[in-house]
Amino acid sequence: MQEFEPKIVAFVCNWCTYAGADLAGTSRIKYATNVRIVRFPCTGRIDYMLILKAFQNGADGVIVSGCHPNDCHYTSGNFHARRRWIVFNELLELLGFDKRRLFFSWVSAAEGAKWANLVNEVVTEVRKLGPFNEYEELSKINVNSIGEICNV
Amino acid sequence: MTKIGYFPGCSLNGTAKEYDLSLQAIARFADVELVELADWNCCGATAAHSLNSTLAVALPARNLAIAESMGFDEILVPCAACYSRLAQSRHEIKSDEKYRTKIPQLIEMDIKGTANPITVLDFINKYVLGKLKDNLSNKLNAKFACYYGCLLTRPEHLSTIERREDPLVMEQIVQLVGGMAIDWAFKVECCGAGLSVVRTDIIGKLCAKILDDANSRGADAIVVACPMCHSNLDMRRNEINKNLASANTLPIIYITQLLGLALGIEPNKLGFDKHFVSTGKFLHKLQKQTMEV
Amino acid sequence: METKSKIEPLAQPLKEKILNEINEQVMKCYQCGKCAAGCPLSGEMDYTPNQILRLLQIGDTSCDDEVLRSYGIWLCLTCDTCHSRCPQEVDFPHIMDFLRSESIKRRKVHPKAKEIIAFHRSFLECIEKTGRLHEVGLIASYKLKTFNLLQDVDLAPKMFAKGKLEIFPHRIKGKEAIARIFEKAIKEADND
Amino acid sequence: MARIGVFVCHCGENISSTVDCAKVAEIASNYPGVVYSIDYKYMCSDPGQNLIKEAIQKHKLTGVVVAACSPRMHEPTFRKATAEAGINPYLCEMANLREHCSWVHFREDSTTEKAAELVRVLVEKVKHNEELYPIKVPITKTALVIGGGIGGIQAALDIANSGHKVIMVEKNPSIGGKMAQLSETFPTLDCSQCILTPRMVEVAQHPNITLYTYAEVESVDGFIGNFKVTIRQKAKSVDHKACTGCGLCIEKCPIKKIPDEFNAGLGNRAAIYVPFPQAVPNKPVIDRNNCTYFLKGKCGLCNKVCPADAIHYEQEDEFIKVDVGAIVAATGFDIKHSDFLPEYGYGKYPDVIDGLQFERLASASGPTLGVLKRPSDGKEPESVVFIACAGSRDPAKGIPYCSKICCMYTAKHAMLFKHKNHHGNATVFYMDIRAGGKMYDEFVRRAIEEDDVNYIRGRVSRIYEKNGKLIVCGVDTLLNSRSVEIEADLVVLATAAVANSDSEELAQKLHISYDQYHFFSEAHPKLRPVETNTAGIMLAGACQAPKDIPDTVSQASGTAAKVVALFSQDELTREPLIAYVNNNTCVGCFLCQSVCPYLAIEKEEIRRRDGTLVKTVAKINPGLCQGCGTCVALCRSKSIDIHGYTNRQIYAEVSALFNRREYAGV
């Protein structure tokens, strides 16, 4: 059987993690092809609805990564990102979402190897979890049958 | 009464009887029962790890497993060499997947690594010092050179001693009992233990430097916490003196004997008669100075 | 083709074996000499610790051979002074343990080291039989192995007098279990 | 209707060796909205750029996706080419096929698949790109130089001599830095203070330089050309305008036993002090942590004796706000102190000293007036051992790097000792001699050949004291690793050069990056060695990495040239990637204002024609906004967006990521 290849999307900031991923490239450090990077000016810019959007569109795992605390190019964007991340996480937990599909990390512009390791670890973890089907299954439910489900 | 596991090791059964005697005396004072591990075996010492790495982990592991089965999470290992082997064995089992599966098969016992070997200095710090202050009966007014040797301070991952190049744990104990700890230069140098029988000439040279430095800085005795150090410095004195201009008569005493004296225990009950190098002059001086106080 | 297959079994340099089996990197050593400066026995060794590491770094058969035939590896006291001060954190005593067992395995033990091994063997035999060390038995066995009959005769009477020597060994109850540990550990070493 | 062009670059073989570029171009040609798609060997070359320009014109493209290297590398190149073809440069986007794909994966189907997907994502994004126009901002033509050592002095003088204003901030009571503490300098052995002090005076007297000593940078806001800096002027407790520098107060101060920082702890100073005789400014400050008046509320002797009435105990720290266009960090380095090397007895034996202490002992202005006396008993040493790499190149001690300056200063120290005591024994333990530099190796050879310094190749294991001598146990690796024991009177350790303890804090104030050892990071190790990654902030000297004086001075002049080049323009062009507000939906909650790190969000009142207030909404100040987008993610009514990363663009990207269903039929 062919191994499940998870689809991973990474939301990263331009100054640290994007540059860190560039460094992984210039250092020719190999990692799994499963990841797609979306560039943001800062992790502070990341609207967490985008994470839901990514899962809705078929992502199996999401990485959010930016500058280390105190190293933010814009002083404090990463702190706001982290604060919102905590709230968002609790919300997801409340909704019964499997949080193991979400990854938060700090990768600086000097940490090419850390980036490669992060991607590989995430791919391994998500591969263990299998494909993310919950959204698709949810969308198949007929609106009219919701009442029945609730009555049970 | 607190009970902890006790692994005397081969030395304390034989060449280091005075260490065992004085340690038991201290433990009684501290209200700690030292429960000898049932049917313990030799740790394998230098011989095992020189010749067979598996044996070097397995032999101590059996003792660790015995301690676990007796329900101890602490094992007092007064011999620094045995301590090093037991602690290393536990370290390997906890950190190396290979040993974690292999060792139980070899020793035919379960082992989790829950029993933690401790040195005599750990023991004194944890169980004895707190009770010492109110029970001191003698002030040991003499100069002591505290000798640690290798295995109490090295390797780093097994040692509980801070400032490994210039430790002060024993010095603090000496000061607590009224003695003066001298600053000297050979406290963490090696005495050569492993080659004691085969290359006694080397032991002579290494120990001569140690004794000479302590002597030249005015020590009245050297304090040790390891039977290997003791037997080399004490029993091998003739060989050592061949390397010195004049015969060195410094007595070598165990830290436990020192504490015993401070607590007013009779020297004979602490095994002072079992030394090769006479402790008489030293004890006499102590007695005289105590009287003068 | 034929010559190639002949060379191959010897081809793995010791440094690779050391890396694979005990995870120590000899290539880290940059020859500062701090180990030799602090080693209590470097004056007695034919090759000092840093020189042994240098030979291992070269990695050819003749250098590896020199290491395994050296006397220095048998003198190491495992006092860990070299390791504790090594700027590159090379665990040299660990490497020494490996080299000693490798030297025995490949039958390259330095002639002068045979006494040291005899002592270690006597020690282990004693434990194998009784579970614990028995000084009289150990010394007797060692003397038989080396014919150093007069060694330490001056110590024995005094030790008896001080109650520090037992004539008869204490045999532990689990001595069979100990014997089985020996059997399995030795078999495993032979299989390596 | 969008008309997108896709240009896939092979980058020689850098991309094409693992990605099938032709196939990527072919797949891309089928994406909706793509009207032109092609692959080419070097897209950044002239013919490559022409290919793009021609295609833009011929196919009337409304968007361009260049699939090549990282946009951090060539985005400006391709945006310029796009503009030259007549369309707005911000209609060009880059897909990172090299750093994020070809270089990090092996040649396999999934690599080409990924490349095609990366292109698809950017195609979807670029459909929503808008035309943007650069923002022009004025430049404040004043430079701030942080640190008054030789690096800061050189940079400040060069900038000031080009006709621009300079503000210099030094945390100590005097400028001069480490160089002022040195006795002689290698490889010429000229007196350090003799060549430095004229420069110090020049700084103090320069009409374009404003000097703040005993002061630190408190905070930095703004951006290139427009920094707003707050300087904390620590209370000197002495009015420097009134003070004549007569020195009576220092003479009368009863607290005289404070270890003297300038003499590396080897001498004493008073509680009111001038660090050294040639200090600039040559006027005292009160060390409040040691002054009896401040500790116990009485004494006041200095005040009583001061003929100028200049002692002001009530003085408080002052905060000075300045506007600057560029900042030069020249904060220098430190050496590792304390019992960092217990096996050498550093910190235990007074006669085991560090290099800086030796400089002070050898200096004519030092605590011993240039007579080499050892700290313990004042004896003049007959045998001195110098140990190189004492902590450097030592991963076990946490410092794997070479401190660069020690080989040379150790040779110098040994020479200075031999010049003072011709019959003395100087021994140097070394691992390697790194003497690259003009006249450097010759200098070391001179120490060995002419001054008879005994160089022993090998490290020292330990040092102990015996009968007033220091026993140095080393090894000679060139003599069969023979043990060497030397009885020394004095041991000098070339301890590692490290970053200042407060360098991390300063880097965070400046928003510049720093390495794991807290040295500041340059923008590019080879091609941009004096700039940081934050525009407008430059580096000079050892705050970037350990450096000797010639290197520091060169870098300082290089930095000055960068500052002067910046100041040669009247306006600065900035990327228009900043936030903007939709007035119609903004409800005026001003949450955005609370998170903006640049205070760029203001309030705007919307009024009817008759003047009645409709509502108050957020407004972005384009001069201050740096485009981080934190406000965008936070806005609850989705009324703020950011050019270049708009919600439409990003959602289009994310939707294009894995939405296979939508593309399945194409």
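Observations, loosely collected:
Labels A, B, C and D are assigned to the chains in the order they are written; within every chain, residues are numbered from 1.
The working rule: contacts are C-beta pairs under 8 Å (C-beta built on N, C-alpha and C of every residue); 3 or more make two chains touch, one makes a residue touch a chain.
In this text the structure is predicted, and so the values were computed from the model without any measurement.
Central chain by Cα centroid: D, whose mean Cα position is closest to the mean of all protein Cα atoms. Between B-C and B-D, more C-beta contact pairs join the chains of B-C. Chain centres were defined as the mean of their Cα atoms; on that basis the chain farthest from chain B turns out to be A. Separating the centre of chain B from that of chain C, both taken as means of CA atoms, is a distance of 24 Å.
If you average the Cα atoms of chain B and of chain D, the two centres end up 52 Å apart. The centroid of the Cα atoms in chain A and the matching centroid in chain B are 56 Å apart. Between the CA-based centres of chain A and chain D the separation comes to 32 Å, rounded to the whole angstrom. Annotation for chain C: residues touching 2 or more other chains are 81. In chain B, 164 are the positions where the chain touches two or more neighbouring chains simultaneously.
Multi-chain contact residues of chain A (touching two or more other chains) are absent. Chain pairs that touch, as defined above: A-D, B-C, B-D, C-D.
The residues of chain D lying in touch with chain B in their complex are 342-343, 345, 348, 462, 464-466, 471. Residue ranges of chain D in contact with chain A, taken from their complex: 70-72, 96, 98-101, 103-106, 108, 110-111, 113-114, 117-118, 121, 508, 511, 513, 515-516, 521, 533-534, 577, 595, 597-598, 626-630, 632-634, 642, 644-645, 647, 650-651, 653-655, 657-660.
Chain contact summary for the complex, chain C toward chain B: residues 40-41, 44, 75, 77-81, 83-84, 91, 93, 97-98, 100-101, 104, 115-117, 119-121, 123-124, 127, 131-133, 135, 139, 142, 151-152, 154-155, 158-159, 162-166, 170, 172-174, 177-178, 180-182, 184-186, 188-189. Residues of chain C touching chain D in their complex: 30-38, 42-43, 48, 50-51, 81, 85-89.
The residues of chain B lying in touch with chain C in their complex are 10, 13-17, 39-42, 44-56, 58-59, 62, 105-108, 149-151, 153-156, 164, 188-190, 192-195, 197-200, 202, 206, 235, 238, 273-276.
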